[in-house]
Amino acid sequence: MNEDAVVVAIDHGLHWGSYDDFADREATLRTLLEANVDGLLAGVPFLQRFQSLVDDYDVHRIATLDLLHNSTIPGGDDGNEIHTQVFSPETAVGVGADAAKMALVYGRSDPAVLSDNLDFVADAAEVCNKVNLPLVVEPMLWGQEIDDEFNGEMLADAARIAFELGADVLKTPYPGAEEFTQMVENAPVPVYIAGGPAVESDWEVLEMVAGARDAGGLGVMFGRNVWQREDPEAVVTAFRRIIHDGASVDEAAAALEGV
Amino acid sequence: MNEDAVVVAIDHGLHWGSYDDFADREATLRTLLEANVDGLLAGVPFLQRFQSLVDDYDVHRIATLDLLHNSTIPGGDDGNEIHTQVFSPETAVGVGADAAKMALVYGRSDPAVLSDNLDFVADAAEVCNKVNLPLVVEPMLWGQEIDDEFNGEMLADAARIAFELGADVLKTPYPGAEEFTQMVENAPVPVYIAGGPAVESDWEVLEMVAGARDAGGLGVMFGRNVWQREDPEAVVTAFRRIIHDGASVDEAAAALEGV
Amino acid sequence: MNEDAVVVAIDHGLHWGSYDDFADREATLRTLLEANVDGLLAGVPFLQRFQSLVDDYDVHRIATLDLLHNSTIPGGDDGNEIHTQVFSPETAVGVGADAAKMALVYGRSDPAVLSDNLDFVADAAEVCNKVNLPLVVEPMLWGQEIDDEFNGEMLADAARIAFELGADVLKTPYPGAEEFTQMVENAPVPVYIAGGPAVESDWEVLEMVAGARDAGGLGVMFGRNVWQREDPEAVVTAFRRIIHDGASVDEAAAALEGV
Amino acid sequence: MNEDAVVVAIDHGLHWGSYDDFADREATLRTLLEANVDGLLAGVPFLQRFQSLVDDYDVHRIATLDLLHNSTIPGGDDGNEIHTQVFSPETAVGVGADAAKMALVYGRSDPAVLSDNLDFVADAAEVCNKVNLPLVVEPMLWGQEIDDEFNGEMLADAARIAFELGADVLKTPYPGAEEFTQMVENAPVPVYIAGGPAVESDWEVLEMVAGARDAGGLGVMFGRNVWQREDPEAVVTAFRRIIHDGASVDEAAAALEGV
Amino acid sequence: MNEDAVVVAIDHGLHWGSYDDFADREATLRTLLEANVDGLLAGVPFLQRFQSLVDDYDVHRIATLDLLHNSTIPGGDDGNEIHTQVFSPETAVGVGADAAKMALVYGRSDPAVLSDNLDFVADAAEVCNKVNLPLVVEPMLWGQEIDDEFNGEMLADAARIAFELGADVLKTPYPGAEEFTQMVENAPVPVYIAGGPAVESDWEVLEMVAGARDAGGLGVMFGRNVWQREDPEAVVTAFRRIIHDGASVDEAAAALEGV
């Protein structure tokens, strides 16, 4: 993972259970593949089940190794803090993954949850290194101690710790152009953006993607910003024009209207 | 486990200790086998003890790997939350099992219990995969945070997470025809029903089974709905007519009256 | 362990520390061996230390693998709940044991203690199975949630769970003739009794032993009921008459008076 | 360790951090060796660092495997309860130890600390047995539940449990002549004394040592009672006269005055 | 690590996330290498990433194995106590490290955090010993129970425990000339200083370094005292004159002004 790429996350169910816009996994997957997405982010069983389908495409497979819950109710968010590694790097390799991914979450109220998180990220980095699987770490600000999950300074700090723990690639929330430029300059590893503050229009999303590119980001690893859009296929195409072809927001927006 | 089947669970003692209608294990087992049940769900020691007896029949053996207690009193239910993996997939294979089974329980008050549950289900899925043993996961809504253990939306979310963790087969409570149809359509794996809201009459049970079949379910994995009925053997026969022969509730009910 | 037997437990020190009637271990052991006891229940280090002495006799050796404390004060009982596996089945085999033994304790206030207990009993059962060492499980009702530690229904439930976890043999408190008869009939494994409600006279103990035998129990695994009696050697002889020779209480009592 | 011996503990720093009378380890060690001490009790790194120096003497080396803290402040005592195994029996063998040592502490307020202690003592006993390293266990009464750390009955109970867990040798506080006689008689393993209630004069210490010898104890394993005395070398000589030569307190005291 | 050395720590990001003066890792690293620093202290991934660059210089590489957080907010300090081992000695060897480093932190409010710390330091010492990697332990006074993190007596106690746990080298805060002299005299291993009470001027830092040298310390392992200075390169040169050449503070200060 050291190149321009538009990656789409389809591991959302792993974390929140419910996703109205993503009921039929296989159909969604086919749509993304046909849209020439550069990479997929999904859980190990998902990659295993659809391995032969994905084999027909030239696409990166990033296996999500960890699991987040904010509740003991599926899809709930009531302050519970569950974060655990559920898959091993070795298993990821076994289903064809060429990278793995984990979150590093700051802002919890229970220090034991963060301590475990630090442990399993460092452990996974060590194992990934052995089996030659790049590890993507996603620093996040999320929990009862966080007011602004896009706080640039905190994200920069979390990103540095992610690197110090062994991240080969960073997937980070987009804190805005200036702060992101600083993060990329200081990061000795490739950086992709994970999404940003709620954006309403397609135009705003495209602006964020172009901003990330201009700041030195290698691309996007998006979930809801793709498949909760009206036309996911067109959105992927527009992102690709920005990331791969250097298109302006105007040019990319044209893709959205008439692909 | 990818075919129409009537499976009967005889692992009840593992979870609740007491079961008035199931005192003599061997007699119960013989009755079920003679009734041509398609599969048995039981703990590893049970499968081991009666291995040679079961060998004489063509029947699936699904080993229950986990253990649930709601109390430190045997058979009690006082809000305690105990859920632990007690048997390994390898041991299940050693006693002739051709599948394994675990519960995934949402609704607890203690997030650590769910976190452990997520861990051991994912671990077991990984091991089952290695030893080529399909893993049945039963999403459940059970505990102090749950008002309705047949809530369709929550069950659908829990089922998706079960799949994302590596379930090869789902065994799910029956939330009603409409919600179950939705679950089956979205699930990329076979689905069996585990039972439903308390039903009084045999007729109501048959209607649930036919409803599950019509919605695309592959069959039933029932416990009390079989051996707490007046005539377990006849009930199994009636279920088989619905599941295997496409019988209507009327036709199946005839089996109940005069097998 | 699938035969009539009078087994004496000399693992008491392991659990309560203090035992006035059992200060000199070796003397006690010689007395029991000379009394033709059929089996000994003791900790692994005890079996190791006296291995060559015991080798001279034809006697079963059952290794106690777990440890119970009700206090952090030796011999105390103040509501603390400590229960842990301290020896492994493999070590038991290494000191000549032909069976192992563990307690399964219901009635604690802390569910984590029961959850651990369930785990290590199931684990030990799996290992015992591999090394071909029968596992005796003793269901117990003991702790702050228990009013009557000889409650027949609860003991029956606990015994069923013990079997479902992998017990090859049950050692159970004696809940009375009727309830014990039911337990033995339902248990697919041999059952021994562990003792009963406080009995004052030798006669009452003999009645309990005869009652257990009449109900289908294979014998006794007693501790204090042997070596806290006035004449342990005579008591063992009397038990043997009941268990092996089918003697009546009257006949056995004769043994007590003039061996 | 099955012979008369005067052993000196120089593992004090491991437990309390501070020891004014023992600042220069190497000098203290040389003094003890020159005084013909029979054995040394020290941590694994200590034994490793001074291995070649000790090799020149004929002296037992007992490796302390565990660590006690009563505070998170070095040398503090504020009710915190920390007790953990820090070295393995295998490592002890690797640095030339011919025995290992652990404490078994009763009287804590947190049952989990005792439960861990029981676990690691039993585990170490199992491993020591395999690598042929005798295990010295020191039963102690220490913590918020203890009024008198030399209570004879409690020490006897704790000593029995230590034996039942696999102790090959006991190192016990000296509860007085009568109680110690009873302990030695009941213990199927050699017993050494660890010290006793605060004694002011050298004479009182000699009386304790002679009393322990007369009661059947094999010797002493002392720390502060040696190197907090005015003349540690003379004290060792006096102890040796009592333990090895059967000297009276008078005769040994003579050694103290004019060695 | 048994020689005079000026070591610079660049593992700061691992612990606190944020460091304004150290944004560009590679540039900082090059500056230090060009300044002829004798050793680097850094996390395993850092050493791995810049391994070939560092290979061009004759410089010690000390791998920091543990991670400290005082908050669940990156860079925060709000009383949370997180301390965990994140890298293994074996991995450190794999990236070219010739020593490893861990903190031993006294003064926490939670005894479990200290107990874990003691465990993993002792474990790492054992493994380091096997793979022939010297272990530097840094005793620290830090947390809610500490008023003065340079308390000489407490540091001496903590340093002794560090040695007793297996430290091959000590890196200790500088408690002042008198107390440090005592520490060095009593320590059977080499001692480096880690920094001292906040010093404002370069002159004061040089005085501390010279004081440490005069007291028998082998050198410095500094972080902020190097790269938060105005001219890190000149500071390193000045330190080297004191440590290697026996320069006075005056002479070394000259280096600062005109290198």
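Residue numbering begins at 1 within each chain, and the chains themselves are lettered A, B, C, D and E in the order written.
Heads up, the rule we're going with is that contacts are C-beta pairs under 8 Å (C-beta built on N, C-alpha and C of every residue); 3 or more make two chains touch, one makes a residue touch a chain.
Being a predicted model, the structure only gives us computed values, none of them experimental.
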Next on the checklist: Just to be sure I understand the contacts, which chains border both chain E and chain B?
Outcome noted: A
Item to check | Touching chain A and also chain C, the following chains | outcome: B
Item to check | C-alpha-based rotation, chain B on chain C, 0 to 180 degrees, nearest 5 | outcome: 70
Next on the checklist: Centroid of chain D to centroid of chain E, CA atoms only: how many Å?
Outcome noted: 36
Item to check | Length of the line joining the C-alpha centres of chain C and chain E, rounded to whole Å | outcome: 58
Checklist entry - So which stretches of chain E touch two or more other chains? => result none
Checklist entry - Which word fits the touch map of the chains here: line, ring, star, complete or other? => result ring
Checklist outcome for this item: The residues of chain C that touch chain D in their complex are 11, 13-14, 16-18, 23-26, 43-46, 48-49, 67, 69, 72-75, 80-82, 84, 86-88, 91
Item to check | Complex interface listing, chain E residues touching chain D | outcome: 106-111, 113-115, 118-119, 122-123, 125-126, 129, 139, 143, 145-146, 153-154, 156-158, 160-161, 163-167, 182, 185-186, 188
